[in-house]
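Take a look at the structures below.
Paired with subunit B in one complex and with subunit C in the other, subunit A is shared by the two complexes that follow.
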Partner chain A sequence: MRKKIAILLLLFFLSGLLGGCWSRSEIGEEAIILGTGVDLTEDGLIRLSVQIASPGAFSAGGDTSGGGKEPPAWVVWAEGETIEDAERYLAMKVPRRIYWDHSIILVIGERMAKRGTEMVSNFFLRTGEPRENMWLMVARGEARDILQAQPMLAKTSAQATGFLTRMKTGYIVQIWEYAEMRASKGVQPVVTGVEVQDFGEGRGPGQGENSTVQKKVELSGVAVLKVDKLIGWLDAHETRGLLWLKGEAKEGAVIVPSPGEPGKEVSIKIRRSHTKIVPEYDGENLWFNVNIYVEGDMVEQQSRVDLAKPEQIKALETAMSEEIKARTTATLEKAQTEYGLDIFGFGNAFHRKYRKEWREMQNHWDEEFSRAGVNIAVEAHVRGIGLLSMPAGSPEK
Partner chain B sequence: MLEHGKIDGKQAIFLMLSVVLPTAILTIPAGIVRTARQDAWLSVMAATLAVLLIAWLVVSLSLRFPGKTLCEYAEEILGKTLGKIVCLLYIWLFFLYAGSGAVRQFSFFLVTAMMPETPIEVFSITVVAVAAYAVRNGLEVLCRFNQLFLPVTGLLAIVFFLSTIEMKPARLLPVFDAGLLPIVKGTVMPTMLMGEIVLLAMIIPYLNKPEEAQRIAILSALFNGFVLTASTLEALLIFGPDLAAHWIFPTFNAVRVISIANFLERLESVIVAFWVLGGFVKVGVFYYVAVLGSAQCLNLKDYRPLVLPVGVILVSFSSFMHGENIVDMIYYISQIQVPFMLIVFEVGIPLLLLIIALVRGKGGQSS
Partner chain C sequence: MLKFIKPRRAGMMSRGKSQSRDERPTNKPDQTVTSGGSSKKQVLTPDLETNLREIKSILNNCSDVVYREFVFAQNEQLKLALIYTDGLVDNAQVSDQIMRALALEVPMSVPGQQITKARALEFIRERGLCIHQINESAQLEDIIRSILSGDTVLLVDGHATAIINKARGWEMRSITEPEAETTVRGPREAFVESLRVNTALIRRKIKSPNLKVEALRLGEVTDTDIAIIYIKGIVNEKLVAEVKSRLERIEIDGILESGYIEELIEDSPWSFFPTINHSERPDRVAAMLLEGRVAILVDGTPFVLSVPTLFVEFLQATEDYYHRFLFSSAIRLLRFLAMIITLTLPGLYIAVLAFHHELLPTALLLSIAAQHESVPYPVIIEVLLMEVTFEILREAGIRLPRPIGQAVSIVGALVIGEAAVRAGLVAAATVIVVAGTGIASFVIAYNLSASLRLLRFLIMFLSAFLGLFGLISGLAVIGIHLCTLRSFGVPYLSPLVPITGVNLTDTLIRAPWWAMFYRPRLIARQNQKRLAQGLKPSPPPSRRKG
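Right, the complex of A and B next:
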């Protein structure tokens, strides 16, 4: 019995050693990276910029209690031949171990993206530490500037950008989704665009005299990649069209001219939508029938017409589908004529239906896509009109 | 008899699940997806049918010789010399080679995905040392432990279920993309891995109801097929065939992608827990049959003196017989281990033994 107890005690104390000292990492010795940026410098080197959280600013009451004003994050960068090379130079500047696991965003600078995004994503997918669900974006300009911007409502620009992304107002993509698009032959990758905007001088309470021009991060359209190189952009309007065609327009609004009163607008908020792409191929002609279904609620009306009538709702629905059709057509034309790239995944839809033809066509799919005809049909429904039935002073009363 | 423990049917099924699944769910999907693309799951299902045949073959053979393991009845069928040779072939080239392969995979995954700075020997020595303790205490202990741990698989099911939000069924289309041939090619690898349930031939004598062996083999083959299909689907439905083939451990990455409400994430620890616990049992079973087989081959009264030397062999095999790096390891598995093991040890020899036994009229009637 005594022997048993002795052994149990020994085991119990030995378990204390299980954690070991090998590869141990104390949280106080980690440099926790919140955002990562990769740029190409003038000399053709890769510049890796990281935004490192400074833990003091995150602890409870960190802003108010003493300790002065510790900035919540520190942006530091280093250059190298490869990302790992740059990381090693970075390690000479950062007094802690660089820890990738919490990086929220990965921003690729414009020049780097033109050179190739695969050179960047490879490191982050191959190394186990960065997460596959990091948000991937391409900066208009330098990625470093995105990390250096001062955010509002969030402590660091990386977090702010992460939140912006999660609101799904624009087209957003995680690094593994990019990798999937990159690996697939039936779709060309598109990546969220971001840019730094001046927000003017802050004059809110507490900012007083020492207010300067604030720099904020803003989602700005979509970067279009050919294979993995940046070749152009879609602006915010065209991005809406992209979202409709990709079936990812789950948030946002459609602004349509008000029936019965030209020049005034009505806003319809999207509640749900889905998109179906049906390819048709007869051996010679290739065309796609795109069926978009959308449901929304009217949330705003500028005109004074009484819209709470069945025929007016019908008119609204028609206007809505016209508007969506115009948006998607514009984006589609840009993709087909200007870029000649299938950024919508029509190729994947084609592959699903015509697997034999695809085997031959996948090798020159983008040309086939550029020549393809597309019929867009939108089925729009207005479900709710909010809490008002008709605007005040409606002449038809 | 060397082994005095008895296990019941449920324990045997659980044991067979642990023999196949722990390494298979992580290492297999990438290989099958590379050959069969989005039809990989069909390959796994077809493989399950093939494994049912293997299971039937091995169990029918074993049931002709009640109370005897593969090593014992090989002698009875083929005569002393030939029988011992077959027995040694099984021990060295199958139990020890595949067992050390499991040790290698176990350690390599932990090194590659979790702890890159730790020397790989740390993992292989540790897992073999723990398994040695279980093996020394006999089959019953190994089974009890396995029974205790297997419910962790339930967590795995929850994780797979949680990942359904990232899944898109369209990624499985079109079915039969490149015709039937890639699917057939894709079945080879899962058949070999699930075919490892031929280890039952060493365990059937220790069942408390050996007449249930046929049912046990069929059920474990079906369960294995089901879980393996699920994990292949998991990788395919999340990543699609193009990206799934790019990863080395696609199921692991698929689980890492899960993020629910920005709150429930980083679930890969479940996979790792399954891997560590299951990997230990898998190594343990191979280790056990190698030790037991050697003892029977050498006509020893007790197998325990062999535990230590066999363990040393397992560790050294795992370091020297599977190449120097992970690329070698994957190459060895897909190019050498899979066809060789499948043809020789899982189908060839058992079939030959059965035919010779029938011709020579050895053994009782198969029930």
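Right, the complex of A and C next:
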């Protein structure tokens, strides 16, 4: 009995060795990719650019002998027929194993996006290593430029861009959300837009000394995709409308004209909001009731109105709902008339309520959407007016 | 039967127990040295000279045995002899209460009349000795053992019986503070090497007639005193019988520490985990007894065994029961965490760094990668290097003479903490992991942390070869093994596995005293309730609302 147990134990532990450290890879043998960019070159090849962290630059304090002047990242690219093909060419240039797991952003160049984002996302969704919560974005211009830009407050542009998205100032998409939008017929995908802008002297990674212009990354609106091809952009203002209609305007501010003094503004910071889309269909006419609920705090006013008064608050709330309604209507009109695409997910709401009708309408949903009427109702509340009840020097009542 | 020492005379030191063992069928050939003599006990003769000669021949070359012959004060004709071991007796008592009393000061029973030889023994016993405890024996074996245990034997000419005086007294360590189980709050006394002092320490805590102290001798050569202590009425009688039967089957030349017994009676000798707990604190042993356990005391060591042992005991410190329960419970959870860290942290570190980099946040990964840029070894070698160094330092700290220990810790801290990292041999993160693991291992009881330290290396190797899969399968094997263990019939993991609801009050948390109604159910089977209901302090009924 004891012999048997001993043999079993021996087998158990020796079988551990059979794996032979399968798939083991030491941290020092890996090229940790922080950002990925995909462009379409002039001659129709796919160019894969990656931003590889050079760990020496990330050592904390203490030992300064090695790092210090070393640039924090290295941008390197290769071209190929497909992304994998380009990756194999890339492997010839990178002396370590290419490790995708920590890629924070995936940027698709404008030309590539016009050709089709599906050609890019397929690889990153199919292979196991890249994460599905990578931030997906479309560059205005070349994706490689985004990776080469000089970041502020972060060591690499990929990290900087990652932090930028997390501020939730614009509409942001992770690659799995994009895949979900692609898979659904009730919504057309929209992807964060980014661009580089010049500012000052250049010292970005990969730019070396010959570059003189420093570049920074900015979020810039939203790329609108038809099926998977880029057909247009929404600017920052229209993106706010998109966020309201998608129910994702959780942060930010609404600037409304002061109810007392024309020409002066009042800022209201959003505390919470939600959006409800109720489709109505009687067999012929399709329309949507969009109910937006928003609560906010007044944080600033240029006028000298006593906003502590209930009737002023009421007026403020009305102004706020007007402002939101105007913004959303603008975006909605652009989507309905210019692009003819349901980028808001109205189709999904319709699908949930009218399952039978959806079956026949889903294949020409975008036309149905363009024809549909939309009633936008905003319920706005101003909950707080901050620490000042009245601006200093206001006339006493 | 004596197997470990060649007796000088056949059967001289055989005991009742050994004889009964002879009657058992045995496949071993009968020992030639003792053949024939074992069944016949040697007894004293009425002749003093013969007896002395006999004893001297048995104890020859024992220069520490003292023979003192003298004449009885009441009868010049009557010769007496005292035999004792020098250093084991209280010299003052022997000189004053025995020698002086018998040689100079014995009163007349009838004035002017001599005590006859025939009445001498009775007279001496009744009136001659000022010793608090005396025995009589005619067995040579008993007498020899008494002499060697520190008793003073008085032989009276003409009588085949010896008087054994308990006038023991030897140099011993006084009761000090516990070294291994220190507390902030609680009694500050620890057991000592003397069995009698130790039983007294327990008796001082439990003044019940039900506290039973059964004596036993083990070790054919050392003849070590053992005491089995339990509280009748709480303890499971079957458990006492089982402990006794396990102890009685021990045949060994000597017992020098309770560890000998522990290894000879434990349930799973091959297991990494200790299934018998020990303590040097009387209060802890008393608590064990009150929960229905049996304590085994061994002469010559301050460490007392207690059985049955549960896994959770190693996470319970004595102090938990003295502090208020909220704090105690928090500390319990902390200890549980420390246990998990001790076992798995280096393994987890290796698995994550060698296989699963995706588990780390990007910023942390980059920082760790930066540290590893200059490290030439794979992470397993790095961790092993540090772990082995740490274990060596720990061992050095225990083993070295105390003044040098300081130097070791300074060198160790410098070598591990600074030089190794600066030299690029290991990453700073590795040092943190190893140091954290080391500190965590000090939080749990020493005998469990010793097992976990060994298993930690196993986990490290599994993690190095198979990553998290290896780590988890290693933990699963350990978990299954723990489930199979029993200590004296009680499942080792109880009350967690099998789950015993009422006893969960004293596991990962320590419930307030007014809520711990029951003793461990599987240990104290017959008598489980230890606390009255409704003891939770509250305002008197008159002041309650309604």
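The criterion applied here is as follows: the second predicted complex is superposed on the first by the 351 of 397 C-alpha atoms of A that agree within 3 Å, B and C clash if a C-alpha of one lies under 4 Å from a C-alpha of the other, contacts with A are read in each partner's own complex, and residues count from 1 in each chain.
Keep this in mind: a residue touches a chain if its C-beta (ideal position, glycine included) is under 8 Å from a C-beta of that chain, and two chains touch if they have at least 3 such contacts.
Keep in mind it's a predicted model, so treat the numbers as computed, not measured.
Applying the stated contact rule after C-alpha superposition, one finds that A:P310 touches neither subunit B nor subunit C.
In the superposition on chain A, contact of A:P55 is made with subunit C only, not with subunit B. By the touch criterion defined above, A:R131 lies against subunit B and subunit C together after alignment on the C-alpha atoms of chain A. Once chain A of one complex is fitted onto chain A of the other, the partner contacts of A:P262 are absent, as it touches neither subunit B nor subunit C.
Touch counts on subunit A: comparing subunit C and subunit B, the chain ahead is C. In the superposed model, A:A179 lies in contact with subunit B only, and not with subunit C.
Of the two partner chains placed by the overlay, only subunit C lies in contact with A:G28; subunit B stays clear of it.
Under the contact criterion defined above, the residues of subunit A that touch both subunit B in one complex and subunit C in the other are 23, 131. Those residues of subunit A that touch subunit C in the shared complex are 12, 16-17, 19-21, 23-28, 30, 32, 34, 53, 55-60, 63, 66-67, 99, 101-102, 104, 131, 159. Chain contact summary for the complex, subunit C toward subunit A: residues 353-355, 357-358, 362, 365-375, 378-379, 422, 461-462, 464-467, 470, 477. The touching residues of subunit B, when paired with subunit A in their complex, are 112-118, 170, 173-174, 176-178, 239-240, 242-243, 245-246, 253, 256-257, 259, 262, 265. Residues 22-23, 128, 131-133, 166, 174, 176, 179-180, 183-185, 348, 351-353, 355, 359 of subunit A are the ones touching subunit B in the complex.
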